[in-house]
Each structure stands twice: as C-alpha cells, then as structure tokens.
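Below are structures written as structure tokens.
Next come two complexes built around subunit A: one with subunit B, the other with subunit C.
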Partner chain A sequence: MATKTKRTSLIGALEGIVGAEFVLHTPEDMVVFEYDGSIGKSLPQVVVFPSTTEQVAQIVRLAYSVDVPIVPRGAGTGLSGGAVAVKGGIVVTLTRMNRILEIDPVNRQATVEPGVINLHLSEQAEPHGLYYVPDPSSQRVCTIGGNVAENSGGPHCLAYGVTTNHVLGLEVVLPDGEVVWLGGPLEDMPGYDLTGLFVGSEGTLGIVTKAIVKLYPIAESVRTLVAVYEEIDDASRAVSAIIASGVIPAALEMIDKVTIEAVVQAVDVEYPSDAGAVLLIEVDGLKEAVEQESEAVEAICRDLGAREIRVAETPEDRERLWAARKGALAALGRLAPNYYILDGVVPRSRLMDVLRRVGEICDRYDFRVANVFHAGDGNLHPNILFDERIPGQSERVLEAGAEIMQVCVEVGGTITGEHGVGLEKKGFMSLVFSPQDIAAMEKVRDAFSSVETFNPCKIFSTAKGCGEGWRVPTLPDLGPGSFL
Partner chain B sequence: MTTNAPLELPGADAPTEADIYKCVHCGLCLQACPTYLELGLETESPRGRVALMKAVHGGRFGLTEGVVGHMELCLQCRACETACPSGVPFGRMMEATRAQITATTRRSLRARAVRFLVFRLLFPRLGLLRAGAWLLKLYQRSGVQWLVRELRVLKPIKSLDQLEQQLPRLPKFYRPPPSELVPAQGQATRRVAMLSGCVMPLVYGPVNEATVRVLARNGCDVLTPRAQGCCGSLHAHSGERDGARALARRNIDVFLETNPDAIIVNAAGCGATMKEYVELLEGDPAYRDKARRFSALVRDVTEFLAELPFEPPKKELSARVTYQDSCHLVHAQGIKDAPREVLRSIPGLRFVEMKASDTCCGAAGVYNVVHRDLANGILDQKMANVAAAQPDIIATANPGCMLQLEMGVRRMGLDARVAHVVELLDEAYG
Partner chain C sequence: MTTTNVAQTLAHLVGAEHVAPDDQLARYAVDGVVPQTVVFPADAGQVADVVKLARAEGLALLPWGGGTAMAAGSAPERLDIVLGTRRMGRILEHEPADLVAIVEAGITLAQLNEALGRHGQMLPIDAPRSERATIGGILAANTSGPRRLSYGTSRDHLIGVRFVDAQGELIKGGGKVVKNVAGYDIPKLLVGSLGTLGIIVEATFKLAPAPRASSAILGGFRELDQALEAAQAVLQAGMRPVALDLFNAQAYQVVAARAGVPTLSDRRYFLALDVGTQPATVKRQVDQAHRIITKAGGKSLVVDEGTAYRAFWRAAVDLGRGGERPAPMITRSSMLFSDLASSIHGHEALGESSHLEVGVHVHLAAGVLHGVWWGEANGPADEAMLIDAVATLRKATENLGGRFVVESCGPSVKRAVDVWGPPGPEFAIMRRLKEQFDPGRIFSPGRFVGGL
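Entry: the complex of A and B
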C-alpha cells in the first residue's frame, strides 16, 4: 500500500462492508495483531472482523481488486506464523463467525463456522455422547478454522488422526472472492479431494467460512497413566516398544525434565522433579479392552525401567494430568521470556538418537531445550529457550532450529508434523522436497490463486519479494513513548 | 504515620520489564477474559493488553488515547491469571499501568472531580462516606426517590437516570459492636481482627453481623478495631496506588497493634488487596516487613473457616443454591473450594454448580457504572448461566458481586435471592 490515500479509502471500503466498529487500523491496535503464538511478527495495516460468508467474500474481492495482501486469522495461537501479516495488508479475523450451525448426532457430524472454539464444539456435542477428536494444546482458545488451515494435531491424534481425517466438507472463499464448496456431508464425494488439499494449506488457498466435521462417540472407558523414568532414553525405548506391541494408545506423550520443572510451577500436578522424563499415556475404548491394553502398556513401561507408574484415579486427576500437558508449552514462559518451538517428525525407532542430538545442538549454541511432545507419533517439539532482548539470540535460535530440522530429515523424518510450515520453516522445504516436487505444489496454489497477495510468503520461499528464508524482524517504532 | 518521600512521586509505578516478559503470547488467556468474550477483539484481551504494555515499555508509542481506552476497559477480574500457565501477574501489571495513566494523562474536569470526591474525600474518610450514604437513604426513604422515578425527572440526563436505577436500596447500616471485642462463645481458641469494610457496612450490614456471629461461634474472640479504614483496593485498581499505600499503612498499623492470630475479611476484593500489601509496599523500607507480616495474617472468612475447621451447622436450610465465584477470591486469592465447602456443610442445602461460575459478573468495582453497556452485556450472559441452574439462592463472597447479581436478578425477573456465603452459614447455625 503505497499511499496514505489508498489506505484511507481501503479502510473506508472495509467499514462499508462490516461497519466501522469492526475495522481496526490505529498503530496501537495493529500491534495487537502483529503476532501469533510463534516467534514471527509483522504489522498489518488494517484488521477486519466479518460476520458472514458474504462479508468475507466482499473483503477478499476488495483486496483482490486493489492488490493488497490479505491474511486470514483465527484466535492467533498458531505456532508457525500462519496468521502473521509479513507483507502487511489486511488481516481478516474470523472470531465473530463463531456459531455451531448444526450438530447431527445420527450422522455424527457438525457444521460450524470457522471462529468456533475447538473445545466448545466438544462441549456442545457431549450431550449427544460425541466429541470432536483433534485436540491441540490450545483447544480452549483456538478456532476450527485455524485448525483446518494448519491441519492441526493434538495428543489424541495418535489413534484417531489429525484434522484432515476429521473434515468432510468446507465452504471457502477463494482468493478471487468466489464462494465454493469443497467436499460435502458424505465421506466419499466424487471428483478431486479438494477438501484434503485445502486442509493444511495454511491460508494460502482461501478462507474457510464453514466446515462440516466428524464427531466421534466418547469412549466407554478411559485409563490415563503416568510412567516415570530416570532417563529419557528409557522412556524413548518404551515408546517404541508400546507401538511395536500392537497397542495403539489414544495418546502417548513425553514430557522431559526441563518441561517438568516449568509445569509443576504452573499446574497442581505431582510430576517428580528429579525424573528424567515422564510418559503420559491414555488408553480408551471398551471397558475390557482398556483393562487389557493398559495392563500390557504398564508391563512394557516397567520392563523398560519405569521407576513408578501412577494411574489417574478420578476424572479430576485425569483432567489435572492433561491440564499439565496442555499448559506445558506456555509454562515454559516461567523459565525464559521466549521459546522457539520446533515440530519435527522422526521415525519412532530413532527418537532416542534424535533427542540426544537435539540436546547436543542446543548445548553447542548454549541454549536450554525443553522437550514435550507426541512421542507415539514421533512428532518432536524441542522448545529452545531464549531471550529476545539479548542481541543475537533471536538469530542464533533460528540457526539451532535449522540444524535440528536437518537432523530430523537425515534420519528419515520431516520438518513439521502439525504446526505448519508457515514462515520460519519455509526455507527448509527443500530438505524434504525436490525443486520439481515444490513446483508441483506451487502449480496447485496458482490454480487457486493467480495473485501472490493471498497470505503471501508462507510455505514456499520462491515467491517474489519474500526472500529465501525468514529472518527475525526489527519491530518498527510507531512514535515516541514508553512509561515514565 | 511514616511517609516515604520517593514513593509519593507520581508515576513511580510502571509494569516491570520482568513481568512484561513473562508473557509468551500463547493466547491461552483469551477465552478466560470477559471483555474478549463479549467483544471478540484481541485489543480487549489480556494478551493484547500485555502486548500494548510491552509496546509502550519499549517506547514504540506512548500512553495514547487508544492504549488508555483498552486498558480502562479491563475489568481487572484476573481470570487471565488463573488461565495463564506462564504466571503473568496481570493484576499488578494492570494496576501499575493504571497508575501510569493517572500520572501521565489529563482527564476531563468531570472525571477529575469525581475522582477527587471518591479517592480523596469519601473512601479515605469513611465518616464522609457514611454521611453520603445517609443522604442517599434519606432520598430513598423520604419519598423523593419515588417522586423522581414517578415523574421521570432524570429522564433527560440518561447517564444519571441509569445510575439512579442502579442504586441499591440501602438497609439498616451496620453498627460495629459497641465494644471492640466480641468474645468467643465458649472457650476462645483464637483471636481475630475483622475488617468491616467501606461498602459492606453501608449496603450489606447483615453480612458483617453474620460474620461476627459465625466467628464467635467458632471459638474466636472477634476484634473490630475502630481506627481501621478503607483497604485501598478501589484506589489500587484505579491508578491511585499512592492513595492505596497511605490507606495500607494505616491499616497495617491499626491491625498489627491488636496482635491478632488472623485478619478476617468478608469482601473478596478487600482481601485480595490486603494480601498484596506486601507488593504494594515493597519499595517502602519502613513498611516492607510489617506489610509482609500483615499480608500473611489476612484470611478470607470462608478460607479461615475451612482451615479451622468450622463447626458443621445443624439447622436445615432447604434451598437450591448456586455459587458465583468472586473474581478476587478465585482468581486473585486462588480460593475455589472453601466457600463451596461451607455451603455443602449446610443440611438440606442442594448445591448446584452453574456454568462458568468463575467468569466475572461485570461488577468489578465501579466498572458497571463507568462502562455500563459492556457490564450489562457481561451480566446478561452471567444471568443466563445463573437462570439455567435454577437456584433459590445465589451465593457469593463480595459486596460488589452481590450488588451486581441483585441487579441481574431484577433485570431477568428471577425469583432468587442473593446472599453472602457466611450469611447462609449463620442462618444454618440458627
């Protein structure tokens, strides 16, 4: 947006679409939308809050006609910068579109608007004995629309699959303002699986305005247990052994010593502070099966050196254990002002080896690292702790992250499991894909979007004016200030 | 009274960098925030407000009108603190930010006049507050109020008219017991000093009376020091931290002199501030240690009773009761179980949880006067949850919440009464 006049008329036009109270544009207000849950930051020029599909379409058409970047945003809890407006422009926040339009208990599905909070859907489905499976740690606050964009996972995706396995159909506004349906209410719609393509497209192909998602019956029985290990290596071996035994737990999570240190300060949960790691394991299903499977899991854990196994005795116990797990990432704020969360995936058999190398890399860079992750999926989350106020740390943390991603790929893994490529990982797509592979993906993007202004500079680093990788920006001063 | 010169300088309070950098902008606070829930705007969320504090702290812009607006829309309910795994001390950051606003911005003449009246005259001098309350009572009882309402005299001035509608009907004022000491029934096992408060004795005198009776019944000699004053919470929340400090010092001197085993508070807002005197006076060498001793003695009445433990009541109270968590009890003091334990101990009482009991009712000190529309939106949401629980009695633990819930009951036309937890226990003691 070159000129002030252009900006003013854009704001006027947006106000005409949604009303003045739902368009924000002052420098102060833009600061509140320059971040998400990741380390990416960049100021938009205007933020708009539509409440209908038609308003979204009008906004998209407007942006298209004046060639202004446009970035969709849910609750802003993403971990890869998907909602960060790297090229400025319009941020379209979908939190006002938060109605659950239908819960169909017979066909076990729900139709929702994109701003519906993940957990609210499960709460509303509960009276029907149903729930929405994918449960990112931010499920209390994150939106279904954001989950679709990032193809979010969560602890309980081990047995039941990530977001893409739970989305049947989507109403989307394409980058030129066209409103279309992808997929539909039935499992196998004819034609291309555009729903599958759209889930995880990180807001580069359009904006979701409705989603039809699957609901699952709440399991008859559930057993949650914590296995405590002296050494993280033993815990890693146990993870491989459990999966190899044929049992597929509903969740199989690893929490390391550094994370425990933070979590026990945040949540009232009895994780022994001297443990090397704990595994949080959940088995669900029919009562008899759960008993059998949890006995098998307990036996494996003990065989592989668990010094203690605790079973949640009450629903409240179970809730506390999960609150600790789901608050773990944010609890790291108690140890350092910033963390850089990685999302690599490795074969489970290589967990031990990779964790050791992650530790070595972080040692070499002199960063503390906290690991809390979906061990059953081999989906690592090394969280590198740093302090953005110390010059050079923000840059070095990205370098350390790059080395870790390389290790993941070397052992046959990949750079992201559930957070999306977004900004800071786009430079590493070439570790996983050949130029031809990437070109094929870009052709698909171009088929949807003839413009490079639709959530620009995400996923691919080949777009014009976006730069090779991603660097930590200097935040602009917006005028003199500060507290007394 | 000792004064500490540097502290009296305006603007000594600002959110510290250490506190600001505790926020990792994960967003887990969003759904806990009543203003975010009501408006859906990140600018009106805890994470957004911390981002603004950080931007101002970093010199990216000053305390502009825009920033001040977002800061003043905060209810200071501190539900975000409960939700925050990272331990961001949002309450004290917002108090410090409000102090910055007071020190650096010039308010309108009307606002300054009101603030002078409230913070310099009425609350520091409870005698004046009482006199004002008498005038109000006279207005209500003499028929003038009836006339004003019948003739719609205030209709042309909308804000005054609405304020008039919000006025609670004042009951008989609380008279502290003629002697400073009410002896325990039977053998005294503890000696406690009680805060009688500023709003409580004027609007909910019976709650104070019930508190004294319940404490005495449970083996406490109950002192009500005459020289005590307002706790200063209203000041602290409104950016008048120096005013709050002056009141804190007075109460510390008055209460510590009585050498109590505990200082009992039945208003959650006051209790929270009194437990935080230690933070308020951190920079005051003359009072730092005394504040620490004082704060360590402060107990909410329900917390104290649960710790004792209290004598289970015998008399039946046949009613369906729900409990509204007072924000400054559950979020600021972390007390969730104690009031429920008290309620559940009452024979015949059917306790029923409402949905989102720990979300603010919108009272928030004088918030429901200053930001009436938003507060009413928050209240209506709250009352929908209350109504779904179908209670005969709505129990809570703070006079501000009681006032707001009573207004909610009127707005919804519910057939329920509002009571303080300790009143119900007192009734069940018979």
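Entry: the complex of A and C
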C-alpha cells in the first residue's frame, strides 16, 4: 500500500512538471517502453516526456530526491539495453525535444535538441551543402541524443569517424539535476575533455538536453560499387588489401551468403543469390580522387577473385544497393524466428580468420549465422539465427555469442564497436579489461555523479543490487524495424 | 626520506646511470622550479615503481618527453621528481594492413613518422620540433597544427592508451581496433590532461595513408577581408584542402625566410592551403585555389612537393618555438570562424600600441588563432607589456565568446597571469576527476586549469 501511494504521488509530481498528457503509467501504455532494440525487457513505473531542459532537470531532481531509478531514452533503437529500466523507475523519453535550434553554415555546426532524428539533421543541412556524418542504420528513427549516449557508428564512419568525432559540446543534466555545458561551440576548450568522456557513456553520466555537432560538406562525387565473390575468404582478403593499399573508402560493407539469401527474398535488389559474399563499397570526395580510388578498389577486388563488379550508374541504383544493406536485418526474419546480433571488432587484417572461426562456432552449436557488417572497420555483426520456441536454444545462442566475443578479444579486438555494453555485454567487460581498468572507468562515473539510482546496472557488473532484477534473458522477437 | 635517499632509491630502481647527475638538474627546471631528481625509467614497470615511491613519500612527479612544451600550463606548485620518457621509444606493434600502430610514449613524432612512412602511412598530427616532441608529450599537451582541418586532432587518432595511475597501477583504456565502445572512452581522459591524471606510457593510434602527392598554394593579400573572403570561398567551393591557414605579414616573413619561399613583401596577409592527396586532385585544387585567390585580389604562389613544401609547413608549425626567432610568449585564442577577423585586428592593434611585435597564425576552419609575441625590432620583449597584453586579449576574446590561453611564456610572466583563464561551471567535474585519479596530488600539481 505504501509503495502504491508512493508511486501515485510520483506520477502526480511528474504530471505537475510536464502535464498529465505527457506522463504514461498504465502497463498497457508503457508496454513499448519496456524494451529497446536489444535482448531483455523490464517495465518502468512511469514514462515521462519532457519538452525543455528545465523539465528534464526537475524530473531528475525529483527522482534523486525520492531515490527512484531514472533511465533516459531516445527512440528506443539501442541494441544493448541502455534504455531498459532494469530496476523499474522513471523512463525519461526525449522525443518531444526534437527541434533543430540552429544550423550555422559558416561555422559548419548545428545546435540540436536530443530528440532530433539523425536523418532529419542531414536533410535540414543539405540546402547548405552540409550533412551530419554518423549514419547508424536506424537513422530514419534514432535520435541524436541516443547517438551521443552510444557513440553510434554507421556504414559511413569508416573514413569520417563515429559520433565522438563530430560532437563539439553538450548541455547535460547531471544525475543530481544540475544543468551544465560540457565543451561548447569552440574547439580546443581548456581543461579535461568532458565532452569526449560523456559521448559513449551510454546514458550513465547524465541526460543530453542540447548538442552542438559538426557538419561536413557533402562530397561532390560518390561512386558505389558491389564486388561479388564466390568465397567469403576472398572477400575478406579484398577488404584487408583495400585498407592496406592506402585507400580509405567512405564505406566498405560485407554481406555474406546467408544474408544475401534473405535479402533477395525481401528486397528488390539484383544481388546474385548464389554468391558467397558481396562487398558494398562507396568512395567519395573530389571527383578526380573518386575516379582514381574507385579504379584502384576495382583492381584490388578483381585481383582477389571478384567474379563480377557492378557500379551504381544512377542515384536510384545507389539507393537500391543501400536499401539491401540497410534492410538486411529485417530480412533475416525470413530465415528464422529469432536472431542474436553481435558487435565484436577485430583488427582488419584478421577478418578472414575470425569469420572462419565464427562459422565454426556456429556450426558446432548447430546454428546458422548471417554476417552483414562494417568490414572496413573490422566491426563484425554475426547474426545467429535461432528459434526461441525450441527449448535450450536461447541459452545456447548466448553461449555461442560468448565464444565469438572471446575470439574477437583473442585476436586483439573488442566486444562492441558501436552498440554499447549496456546490460547485455557487461558480463564480458572482463574479457577486455582488468579490474583496475574498470575501476578507472568507475572513477570517471563517480566524478560526474555519485547518484546510484541514475540509469543503474549498466556497463559495470560491479554495481550493488544489480544481481537480482536481471536474469540471463530469453530473447524477444526482433522483427522488422530493428537495425544494425 | 631525504632527497639523497630518494635519489638513491631511484638509482636502485632504474640504475644509477639513468638518474641525472646533480649538475644537470637545472636543465629540467619547469617554470623556474628545479626538481630534486630526474629519472629515466626503461619501461612501464619502472614508471610504476617510481610512481609508487612518489606516492609513498608524497613527492610531486612531472613527466617529461622531449621537453618541447614545458612552458605550457601554470607553474607547478611543487616539483620533486621529473620522470623522463626518453628510454621508452619503441614501436611495439605496427601492422600496416590494419593502419594501426602501438608505440611507447617516449618515441618522437619524427621517428614514428619516419618508420610509418616506409609503409606509406603516417600519424597526421602536427607538433613543433617534431624531432624532439614525443608522443606522450603531444598527447598530454594536446598539440595540434594545420592538418587538423582534414585529419582532426589527437583525440581523433588515439584509440588506445596505457598509463600509470597514482597507485602505480598500469591502466589500459581503449584497444587496438578502430571502433570500440566497450566502457568509457578513457583515451579521451588523457588527451590534454598535461600529466595531471597519470603517466602515459603507451599509445595506440589509428593511422592515415600518406598522401601520394602534395602541394601548397599560398595567396598574398593587401587586406584581411580579401584573405578571409578567399578562405570562405575555398570552404564553399567543394575543395578538400588538408590545411587552410592564415598568417599576418610578421608571421609569414619568419616562416617564408626559414622555408626559403618568396616573401612577397608588399602583402599583409597570407593564406596557405595544403592540397592533396592524389596527383589529379592536387592539380585541380591548385588551379581552383589560384582562381579564388586571384578573384579576391590576391597574388598566388605554388610551393611544390619536395623540400620547399615540407620546409614551409615545418616552419609554420615551429613558428616562435626555438629556431631563428623564439618568441617569449605564444597565445592561443579559440573562437568561431566568423569572429576571427575582429580578433586578428585586435591582436595587431595591440601589437602596435604596446611596442610588441605579433605574428598571427590561424587554423581558420578550427577557429584557432596563435599569437606569437616578440619584442619590437628583434629586441627583448618588455614583460610588463606581455602581462598587459594577456589581460587585454583575454577580455577581447571572451567578449567574442571565445577562450584564451597562454600556450607558452617565461616564469615571471606566468607568476603574474593565469595562463588558463577562469574555468567555467563544468570545472566542478574536472576537479572531481583530479580528486578521483590523483587524490594525493602527486602528478604535476598546480599545472592545470583552475590550479589542478
């Protein structure tokens, strides 16, 4: 009874801050806020939609004062459970704060609210000949605030860097409710790089309420090509050879045989269905450089056994090739009811070896695996196909995933390249980091705040009270609308 | 422990021959503060041993790479041990096919780039006196230069780091793959921390392919507006310069004289574009830049690949730092591109009214303006005037919404000014970071922002 009263008064207080129409508290209303794009779910006590920095600050102060967990959320497309309210409490959804406050073409930067959809920023900057570089596959729905939290990547981050390379300053609400600017519109601010620490902190250090990001000039020339291989080994060799040759394409993606099988059923694209793997390669920049570099890339691809190279002749061709890449994950639903997405990174020279071992591991567990990933960065996305209705599969798919992460680390790589640790991979941090390394990260967290109820139980497995309330999850359906 | 005992213990830890003799201590003074001991550990393990000793004895420890940026920061409030990294200069790993290298902190930028160059690769960070400046020092001071326009700065290249923390533990952050979001971005913590959070012992970098062709095109203008108009046109014309810098006449004459390029003495402002990186794009961008410069009323000059090209950019990066005309003070103002004109004029007006001579060198797209302050007519600079200049420039820069830092100056000027300027409200987090990582204040105490 006491708990219920407490919850009722919390809801009342939140309604007082944002208005009753922007607070959800019935289980039916909150059901879509219990999960993100990852495994596992947990129902919050209440979901609130602030529209100003001050409202966010009031909500955070309220949560702090009544010792209730609080979890920030953008579009909910995250792939590691960062927005899952694992201890219940308040989910703060930032999607109403979706204004682009300024696009400054002279200084090539934009100031945006956290709920601005990634692609909208590039669309608004386009008339100025500019765009926002990071392009997660979910860019039609995911938000800049979420991108900042996760340090999101995307296919076109190979040449131009991930989110952290494009954020100049952040207005944030700290876990105790204080509002502070980290960085700002200028480069080279004196002091520690707080902006750099905040980007990629997975919503554990505070809530972004404004971001100043760099815009980049749209390339005058782009060439997109597809190289078709009989064997995935040859495609892997071509990736390493392209990077070693001194050409850094704007994007260098690999799509394997299993993925192609799914994609050709789902999307109108003429990938040869009997191919062992295809590389989707994009070169951009000055037109003279694009000509030279794409010729060099073509030559390498042929030398390493490409049976066919197709060049997109029109913008529509290019769109179609990318649609197949970006729709790949959704298409996997045609092959199996469930799939478990991994995000390991390996040195680019080890791709062939690691992909073989990924295949062997999945064979051993008797799972099919579909690989569709950012090959140029060495950022793998093995998608292990399974059926959660078959007893034991959910557990075994996690075991197979753990073995794959172990292989990535063994060859000098890491457990996550762009999806984040969140809830899902925190048990694997110790594969990469010593207790002292992790303690250093916890010192950073403690310097930002000592509020233990702020987005609790994420990244670190050492936090108190996080053992219960989170079990090894069974995997929910990830259907169309999921991205990687 | 007495000073003698500390020196003896250090000699025991690293070998007596790797502790500087007393008669050399003065060479390692920082802002006039002479250390009690200078020690050169062989590896991360020995660094950890030295740190543990410093911690146990409450001694202040300051890392020293090539000693090229020791005039940065505030004067240390205490200084007992200087820890030199010159014995830690190895390349630990370089796999060309990965475009990644792992190096010890004491390797110089020039040594590293010479080795990488043999594989057609480079670490595209600019640092003054690159034959002496070490990777550890460049990261700690967050040194950058002209090529930041296209390549970014240290924070964009550093993908992994190892440092010794205040407990003497070896801590790893990041890794050796180019994308990595496992946990917090610890490499960012160390970049620009000026030796106040830990001792960097190893760094892992994302590298870049070396350009296949390079050229610089210079434009001399009579008026600042013309030069800035041309710069804006370059940025809007779809060009992709590697660097886009501006010099006033005083700065340009020093650079041009050292590099052996024409001085164009009837011009007052100079644009310098580094164009690359393919032979065909070099030619096209040189032509394009020539048209833009001419249209804006400038006179253009091409500095081709080879000796003159390299000498020009080297002289630009080294401006005021040693060489023929070392400057008693170098300042850095950060502001928006659109506010630069006002600030450049302000620097020059101050130069005239104060009887100082000022070289202005600007990384235009980044909005970073270096003021290189000399005494008039090659004479010594009046320190009172330098001190006044700091106050005037800081006020003017802050009025434009910018930030002003003294990058280097002598100890007596440093005693009179706060080189960093007043920190903002976010300083509370910085203070807590320092407290978390170095509660005993053994690492370079007092040298950083806000007296950290």
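Operating definition for what follows: the second predicted complex is superposed on the first by the 465 of 484 C-alpha atoms of A that agree within 3 Å, B and C clash if a C-alpha of one lies under 4 Å from a C-alpha of the other, contacts with A are read in each partner's own complex, and residues count from 1 in each chain.
In the analysis below, contacts are C-beta pairs under 8 Å (C-beta built on N, C-alpha and C of every residue); 3 or more make two chains touch, one makes a residue touch a chain.
Everything quoted here is computed from the prediction, not taken from an experiment.
In the superposed pair of complexes, A:28 makes contact with subunit B only, with no contact to subunit C. Of the two partner chains placed around the shared chain by superposition, subunit B is the only one that A:138 touches, whereas subunit C remains out of contact.
Look at A:448: by the touch rule set out above, it reaches subunit C but stays clear of subunit B. In the superposition on chain A, A:151 makes contact with subunit C only, while subunit B stays out of contact range.
Within the superposed three-chain model, A:289 lies in touch with subunit C and out of touch with subunit B [touch as defined at top]. Applying the stated contact rule after C-alpha superposition, one finds that A:122 touches neither subunit B nor subunit C.
In the superposition on chain A, A:327 makes contact with subunit B only, not with subunit C. Comparing subunit B with subunit C, more residues of subunit A are touched by C.
Looking at the shared chain after the overlay, A:49 reaches subunit B, while subunit C stays out of its contact range.
On subunit A, the surface touched by subunit B in one complex and the surface touched by subunit C in the other have no residue in common.
For subunit C in complex with subunit A, the touching residues are 95-100, 120-121, 142, 144, 152-153, 155-156, 165, 169-173, 175-186, 188-189, 191-193, 197, 208-210, 212, 232, 235-236, 238-240, 277-278, 280-281, 284-285, 332, 334-338, 365-368, 401-403, 405, 420-421, 423-430, 432-433, 435-437, 448-450.
Subunit B makes touch with subunit A in their complex at residues 10-11, 14-15, 21-31, 40-43, 45, 47-48, 51-52, 55-64, 66-67, 70, 83-88, 100, 103-104. Taken in their complex, subunit A has these residues touching subunit C: 104, 106-108, 129, 150-151, 153, 157, 161-162, 164-165, 180-182, 185-194, 196-197, 199-201, 217, 220, 240-241, 243-244, 246-248, 285-286, 288-289, 291-293, 345-349, 374, 377-379, 412-421, 425, 429, 432-434, 436-438, 440-441, 443-448, 459. Of all the residues in subunit A, the ones that touch subunit B in their complex are 24, 26-29, 31-37, 49, 75-77, 93, 95-96, 98, 115, 117, 138, 140-142, 263, 265-267, 327-334, 337-339, 387, 389, 475-484.
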